[in-house]
Amino acid sequence: MKYFARIAGEEIEVELVERLGRLSVSVDGEPFPLEYEPVDALGQVGVLTDGLSFGASVEGGGERVAVTIAGHTYHVEIEDERERAAHAAERRAAGSGGTVSSVMPGVVVTVLVGEGQQVEEGEPLLILEAMKMQNEIVAPGPGVVTTVHVEQGRSVTNGDPLVTLREAEE
Amino acid sequence: MFRRILVANRGEIALRVMRTAREMGVETVAVYSDFDRLALHTRLADRAVALGGALPSESYLVGEKILEAARASGAEAIHPGYGFLAENAAFARAVTEAGLTWIGPPPDAISVMGDKIESRRAMQAAGVPVVPGLVDPIDDVDAAVEAAGEIGFPIALKAAAGGGGKGIRIVREPSGIAVAFRTASGEATSAVGDGRLYMERYVQRARHVELQVLFDHHGGAVHFGERECSIQRRHQKLIEECPAVVVDEGLRERMGEVALRAGHAVGYQGAGTVEFLFCEGEFFFLEMNTRLQVEHPVTEMVTGVDLVREQLRVASGEEIGYAQEDVVMRGHAFEVRVNAEDPVSGFLPSTGTVKNLRLPGGPWVRVDSALYRGMEVGLNYDPLLAKIVVWGEDRGTAIERMRRALAELNVGGVRTSVPAALTVLDQPAFREGDFDTHFLESLDLSRPHGAWVRLAAAIAAVHRHDQARRRALGAEQGDRSGWVARDRTERIWPR
Amino acid sequence: MFRRILVANRGEIALRVMRTAREMGVETVAVYSDFDRLALHTRLADRAVALGGALPSESYLVGEKILEAARASGAEAIHPGYGFLAENAAFARAVTEAGLTWIGPPPDAISVMGDKIESRRAMQAAGVPVVPGLVDPIDDVDAAVEAAGEIGFPIALKAAAGGGGKGIRIVREPSGIAVAFRTASGEATSAVGDGRLYMERYVQRARHVELQVLFDHHGGAVHFGERECSIQRRHQKLIEECPAVVVDEGLRERMGEVALRAGHAVGYQGAGTVEFLFCEGEFFFLEMNTRLQVEHPVTEMVTGVDLVREQLRVASGEEIGYAQEDVVMRGHAFEVRVNAEDPVSGFLPSTGTVKNLRLPGGPWVRVDSALYRGMEVGLNYDPLLAKIVVWGEDRGTAIERMRRALAELNVGGVRTSVPAALTVLDQPAFREGDFDTHFLESLDLSRPHGAWVRLAAAIAAVHRHDQARRRALGAEQGDRSGWVARDRTERIWPR
Amino acid sequence: MKYFARIAGEEIEVELVERLGRLSVSVDGEPFPLEYEPVDALGQVGVLTDGLSFGASVEGGGERVAVTIAGHTYHVEIEDERERAAHAAERRAAGSGGTVSSVMPGVVVTVLVGEGQQVEEGEPLLILEAMKMQNEIVAPGPGVVTTVHVEQGRSVTNGDPLVTLREAEE
């Protein structure tokens, strides 16, 4: 089985082959010696690779896995072959939308734009309060507001759509 | 000494206070919101009283509920921790009026120091150096723009009634004043109902150095040296240390003397912290925190003094009982805050359930933590989950010890500020002591700084494979997987 | 300094050594038996080499495997921890002959001090006071009975080649010699293949006081004051402290001088401990432990010196670099050993799987532990699971801190010695410093000393009820029970 | 449901009554206010009783439960009504046997008695080594050895029968 991992923009291909109850691992086409054993059902794992030892932890499942090695956490987006194909199809179908989504859970304090309004790159669209800090959410590029998905006082979470823009007509 | 006290707080600081109280033979009463009914501070107290409500505004911030809990549980005194009602003069007054002891400074001292403008006036009168700037609060954008011209840029905007870094903006040029005012004033209004902002010159390449002080009720006072807290972002501290690299013994004596003068000027009693902006040998009064600080442990590790014990002793009427020269500093200590926030995406808050937890241990590692397996981390409370504190015989040893301790820490289920702290500890400039309050913001934290990207990818893949296999086998296979991925060639002894 | 060292041990001490090595920038190599492939010392090392085998005799005790692992992993030096090969002179010699550095004393010093009779002779020659008794080992029962008459009762029987309290018997009257000889000699034979026993007068109401010493390779030597380890049973220590109640500064100086003389007499290098029997101001050489002691952390907490760092520095050829007067003791420290044994039934060994684990934290609490969730505790290894160490500004504060820390500790799945330690800490005589090496054995530990028997019964019943209900509901209900038992009347605020 | 708990020889009766989703607890016939909630699936529980709070832990199941409160562990033998009745019946059936069982896991180093041998109270029956310490196992009273269940070198665990005695004939 092939897995496609993305860590901070870097794409890494991992191939796992199970043979006689053992797992052979290759990373980006090269053999990667790995001994991996869960310590508990909570996330602690023992890892050995090439004589090096790691008391790592691994959490999450599906396409988002977090791996902590020596205090550093690697947020891994990971797809297997089947998922990768499915996502490629989705992306083709969706076209190039321009929706600004929330990257954190919070409450909308003020909406600064209305539908039909033209905005510049960096122009504030709304103010979102999270953990008692107010954060300006700005336009990623110039455009025209087609939909405002939220109103003042609305709670949003990670990934909720906030404002949809279309490209400004020249 | 008190027989029983109520701790009007939650999280690591509630636990911190209870631990010392228990060691002193003082019974502790916890209060808890519905959200916190299984929190460690609730479970490790001697008694616990439910406040009801899930939000702080329905529980820890409701003074009457706290007072009623104290009455119902027979507590004689209230320790406020930090945050919540700790710097609320009206609550402090209500505690005293209810016949209880307030383990904190007199309400009037809280009031004066809690107001940027009043405190600035008081300090100027007492001969404590302050940063150049306007004394009066700014009312609106136009007034701000006008005042800015007089002070000169860069300028700091701060809420007149706010605290703890909320509502603060730095404006570097005239065109930025308007936006900064709107958001900062909005935050201040929503937080404390007072949108007035205070303006002052923003000191460049400044370091944040603060003095820990203690005053008893009999005119006695000592300081416990300084802490440096320059590693911060948006005025939220991440790494603190004691002593400060830039402070030598002579300077410590001078700063201590000024800090005690600041406290005396407002009739201070109890423990407090006088914050200074430090720049090339000069220091300016910034504000006084009229409570125990988050970062008090670094002072404790270096002086050997339990500051919570001192708070309880002094509040119960005892004299300090020792002199300034009895306070001896030994070695160097660091604290790293483990916050539920993601440094990779600009320290956005992170929420989740803590499923996996491994805390560091071993020599000279202190863990002040409220973490437990199964804990939910939500948006409504302070993101501080734990503090890792280390001591070493010198700064270099302490830095290496902190790196070692953080490498042992796992907090699974929520993102934390730890990778950012590790990145700071790795920087040669930090290790040489060459940094200011912008140091953290100057680092690129958007990419992982660890060296094991390919290994992480391999582990993630095997983890998914393992999960899929377990699902296929169905249900529970016991605690441990029966399946092990191996491709080991270099085992020297056959199994 | 070394680039990479191998730690030829397991458990908390392996982790302890690795932590300091990592802080010094020295890479660490773990070795592990099959039983320990997921142990913390394996996971937290930089490198790990499998020794194969489940038993110590197949792994940690096999010198050739350790040497081969050092070679394969490129380690330059070997730290033996305590136990296993730490006091094996032949292994120390083999390490040196393999071109590696032995982080311990010279093999000859190990040999002399490892033999009760030889060491006694060497100490007498050096003018170090020893306990009255026979110098030669006893061969059989008849010889023992005859010798006993000369020495006078009570008499201590000890294995001539044994160590660490194994094979020791105290005989109080002539009729007991025969049985005691058989069992002690049998233990000695099965443990080290040498059934000879050593006899000496058993000092009554004795206290166990030991001096921590350090010698470099250049003639330099310092001591780090004493530890008291009188709280023990069958010569297995349970609670240790630093400093000792009975030792004042003048006595410390004298004992330190004698301890250093003892080391010099055998050409000692590295860290070691000289154990004394202490009785009413007199002290007698007992033995010298030619390794790091289990209880070294209490000395570290009080002196601020990292003893493992000193071991590595000295072994790599560095000079000590400071003088005796630079060693400054501050405050008081305690250590409690968390052993897998059940004090209620005479400290019988306990085995099981550690399912639940809560370690203490907060100010001045140090946890040296190899515990992890899922760890199996078997019969084949040392029962020491963890050490809880606290520091306080004085003895009373440290005692209260230890009680607080132990009250926070949970080790579920195996019985531990913790309740016994708590019982000791509760005794007025212990708190006043009035105790000897028989103190622990004099306590009735067969009944629980906690105050919550009825509550424990109620909790056990609700737990069973809860389990039955879950089984009835079938399968997993997530991490947390959806069911809560409540009969609360005094909630003051509606939920 | 009634439970019969035994802690270090003391017998305590606990009655649980479930009413409207709440549990009423009585201990030795008196109401015992108790709020009990597991924190995790590993043994940590939050307990409140009469305003007092406890971060307790509880492990084990069936008839052996260990409860740790403030560092002290209470080993609770606990039966429900049904189990109690069953055990009473077993005991009646068994008569008054005299088997010395191992109270710890270990290895038999030496067997000191033979079948048919008469022994005094306190006389060593065998030597058991556990955790590298040798322990004499002695006769609980005078009697005659009817069966030796173990031989030298044999590993035993908690509860394994070692030697059966019958009362000495007067």
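As written, the chain order gives the labels A, B, C and D, with residue 1 at the start of each chain.
Keep this in mind: contacts are C-beta pairs under 8 Å (C-beta built on N, C-alpha and C of every residue); 3 or more make two chains touch, one makes a residue touch a chain.
The structure displayed is predicted, hence computed values, not measured ones.
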(request) Return the chain whose centre of C-alpha atoms lies at maximal distance from the corresponding centre of chain A. (result) D
(request) Indicate the whole-number Å distance between the mean C-alpha point of chain B and the mean C-alpha point of chain D. (result) 49
(request) Return the distance between the CA-based centres of chain A and chain D, expressed in whole Å. (result) 54
(request) Just give me the whole-number Å value for how far the CA centre of chain B lies from that of chain C. (result) 37
(request) Could you check chain C for residues that touch two or more other chains and list them? (result) 44, 49, 355, 358, 372-374, 403, 407-408, 479-480, 490
(request) Give the residues of chain D that touch two or more other chains, as numbers and ranges in rising order. (result) 37, 39-40, 42, 44, 47-48, 51, 54-55
(message) Edges wherever two chains touch, nodes for the chains themselves; is that graph a line, a ring, a star, complete, or other here?
(response) other
(message) By the document's touch rule, what are all the touching chain pairs in this structure?
(response) A-B, A-C, B-C, B-D, C-D
(message) If we count contacts the way the header does, which residues on chain A are in touch with chain C in the complex?
(response) 37, 39-40, 42, 44, 46-48, 51-55
(request) Would you mind writing out the residues of chain C in touch with chain D in their complex? (result) 166, 179, 183, 186-187, 190-191, 234, 341, 344-345, 348-349, 351, 355-358, 373, 379, 383, 403, 406-410, 412-413, 415-416, 418-419, 422, 446-450, 452-467, 479-481, 484-490
(request) Enumerate the contact residues on chain C facing chain B in the complex. (result) 15-16, 19-20, 22-25, 34, 44, 49-53, 65, 68-69, 72, 297, 300, 304-306, 330-331, 355, 358-359, 361-369, 372, 374, 393, 397, 400-401, 403-404, 407-408, 475-476, 479-480, 490-495
(message) Considering only the defined contacts, which chain B positions touch chain D in the complex?
(response) 30, 37-38, 40, 42-49, 73, 372-374
(request) Sort out for me which residues of chain D touch chain C in the complex. (result) 1, 3, 5, 7-10, 12, 14, 16, 22-25, 27-28, 31-45, 47-51, 54-59, 61, 65-76, 78, 80, 103-106, 109-110, 124, 127, 129-134, 136
